[in-house]
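Structures given as structure tokens follow.
Each of the two complexes below includes subunit A, the first together with subunit B, the second together with subunit C.
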Partner chain A sequence: MSQLTINNVRIAGMSACVPATVEDNRTLPIYKDEAEALKVIASTGIERHHKVEEGTTASDLTVKAVEALLDKMGWQPEDVDCFAYVCTSRDYIAPQTACVLQDRLKLRHDCCVFDLPFGCSGWVYGMSIVSSLMSHGTLKRALLVAAETNTQNRNQRDTTVRPLFGDAATVTALEYDPEKSHPMNFMFGVDGSGFDAVWAPYGGMRNPVTVEALEEKEVSPGVFRRGVDMIVNGMDVFGFAIKQPPRSLKELIETFNIDVETVDLLLLHQANKFIDEKIRKAVKIPAEKTPYCLEEYGNVTSASIPLTMVSRCGDRLAGQELHCVACGFGVGLAWASMEFYAGDVKMVDVIDY
Partner chain B sequence: MNIQEFIDNFAAQLDDTDPEAITAETKFKELEDWSSLTALSIIAMIDDEYNIIVKGNDIINSVTIQDLFNVVEKRILDPKR
Partner chain C sequence: MESQVKEIIARVLNVDVGRITDDLSSGEIPEWDSVGNLAIISTIEQELDIEFPLEVLFDLTSVRSIVDEVNRLYDA
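And then the complex of A and B:
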């Protein structure tokens, strides 16, 4: 079992930025009537999502969220030693978006910056990677971005994804702090045989972009896609999501001897309510300890967990220390679970772009 | 596992269909009640009751409830399939 414990790093601040434009699932033109829309809302829990205007990228949302967080923390851009950008909706095929952001954010030239192209498991993986680098003690302050503009890489005429996915950018500020920090514990998991459960077949080196890959086709009644659009095979993802995340959380609980009674917050990737509730019940954590933000923002992939923390737990995380367990799961198929403590965190309310 | 129990479990996932009208030979995807959401309930039911995760293709390739039952039964006997 791949497990990891990291010492001496704490969450110091968090922020999030979402596009101002809201798309309400009740009035989406893809349903035959409102009753059908309400049925989907009832089972997914997703009522609406925020959507970027054409021309706005995940990095634009990120700049706003970073600037607000630095301001709140009283950090200068040159105080940042490490900057990690978890995102798959990159600005350019090359270079990495983190390089472009170094200049836009005026980070130092010797700052350690990199992209991490994870999806729904990305915040947890990002926390493990960045915290691990910091635990050596020389990188004192870091920013971990988890951002995605899902509405840009999914076809707006694909009824299987449009109601579910939204756009958001989040920033988590991390600090090297041997005095106030608790250990963070992680468990990882992957099953590449499910690579085509959530994927975009064209646009990489295996299947380069061709004229044909850009043609929109009706792949099943009412579902239109281009070869470069993201495909979400709902049934396979669902089968995975009701099985692996509970297993991963149970492994975490067992491996690190976590007393579930003492957990204050269960932070789940916001896939949909049906899936997340099955996971929550499997690990026997009460509903009141499991915050959701999917009703308002939909599934925002790697940004889901930090957006839940910012939008639903801001006051609590700013106060006394909370015992948290988190699980991210999805595209890959990849998943990761973590245990951490967070308190006295500088929280910025969700900002509109 | 027995087919009648499987049919009952299957019928319980349908909102508006009379459970009495469901048999092993029912072509479930032709039911008025069938939707992509019903498919997810069926996957969850099979996980809860039989501890088997069926794939999207298993649902797509099954026509009758008997077909799906056969998939689950095979999987129970040989979990690697």
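And then the complex of A and C:
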């Protein structure tokens, strides 16, 4: 088991930005009738999601979320020592989107910036990486972005993905603070044999874009895709999601002697409410301590845990300190769990783009 | 119980109950995809007031396996 404990770093602020356009699953044109739509809603818990207009990218949502958070924190762009961008729907193949954002956000030229191309586990991995860099004490202030525009790389005529995924950008401000911080504890996991459970076959170097890869085909009734579109193999993901996240959380709880009675918030990747509820019950944490935002935003991959915190726990996180456990799981297949404390966090309400 | 389970599966998938044979599995008809499978399991849990254990969930992909597990839970 790979485990990690990080000291001296705390969450100081959070914000989120979502597109103003909302797609309601009840009225999606991909279904035969409303009954079919209601079946999907009932089995996933996802009623609607936010969707970017053509031409808007995850980095555009990010700029708005960062500007609002800096304003709330009273930080200037030049105060930021480290900027990490967790995202797979990047602006360009090269350079890293974090480099483009350094200039757009007017961050310092000596700021430590980098992309982290994680999927659904990305916020937890990002927290571990950025906090670890900061724990040495020379990087005092950091911004961790978890953003994704899933609607751009999933075929809008694919009934297996369109109702489930949405777009969002979130920002977590981290601060080096030995006085107010608690240790953060992490557990990690990966099974690359499942790399094709959630993937886009074409568009990388293994299978470059070809004319054929851009042709849309009906791969099964009602499911249209191009080779460059993301595929989600539902049964593979289901099998993974009911197995690894509960195991990872149990390992975290056991390894770090966490008393689950003292946990205030269980923050799960917002994949599917039925699956998440199974995970919650497996670790015996009450429903009232497990917030959801998937009904409103869908699965926003790496942004889902921080978006849940911003949209559902803002007032609580701004107040007294809360004992939190989180688990991100998905693309990779990769997963990660963490324990942390958060309180007196400067929270910005969800912003529309 | 078997007929009740088959009726739920047919209703959830919006197909005639006559198509829900004992050996029918997920993927054999277009309506029974991964979302359909989740809908079947969650509806059965809700309507029959049972809870499938986490460790058997992934195996509940056929009429026979679902009926057997429902019977096992009712007998327990």
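In the analysis below, the second predicted complex is superposed on the first by the 353 of 353 C-alpha atoms of A that agree within 3 Å, B and C clash if a C-alpha of one lies under 4 Å from a C-alpha of the other, contacts with A are read in each partner's own complex, and residues count from 1 in each chain.
In this text, a contact is a pair of C-beta atoms (placed from the backbone, for glycine too) under 8 Å apart; a residue touches a chain by one contact, two chains touch by 3 or more.
The model shown is predicted, which means the values in this text are computed figures rather than measured ones.
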Side-by-side fit of subunit B and subunit C on subunit A, or clash: clash
Contacts of A:P221 with subunit B and subunit C, given as first, second, both or neither: second
First (subunit B), second (subunit C), both or neither touched by A:R312: neither
First (subunit B), second (subunit C), both or neither touched by A:A282: second
Subunit B versus subunit C as contact partner of A:V40, first or second or both or neither: both
Touched partner set for A:M235, first subunit B, second subunit C, both or neither: both
A:P246 touches, of subunit B and subunit C: first, second, both or neither? second
Touching partner for A:F274 - first (subunit B), second (subunit C), both, neither: both
Which of subunit B and subunit C A:T160 touches, first, second, both or neither: both
Subunit A residues touched by each partner, larger count belonging to subunit B or subunit C: C
Shared contact residues on subunit A - subunit B and subunit C: 39-40, 43, 160, 233-235, 238-239, 242-243, 274, 278
Subunit A-touching residues of subunit C, taken from the complex the two chains share: 12, 14, 26-27, 30, 33-39, 41-43, 51, 54, 57-58, 61
Parts of subunit A lying in touch with subunit C, wherever the complex brings them together: 35-36, 39-40, 42-44, 160, 220-222, 233-235, 237-239, 242-243, 246, 272, 274-275, 278, 281-282
Subunit B residues touching subunit A - in the complex, by the definition given at the top: 35-37, 39-40, 43-44, 47, 53-56, 59
Subunit A residues touching subunit B - in the complex, by the definition given at the top: 39-40, 43, 160, 233-236, 238-240, 242-243, 274, 278
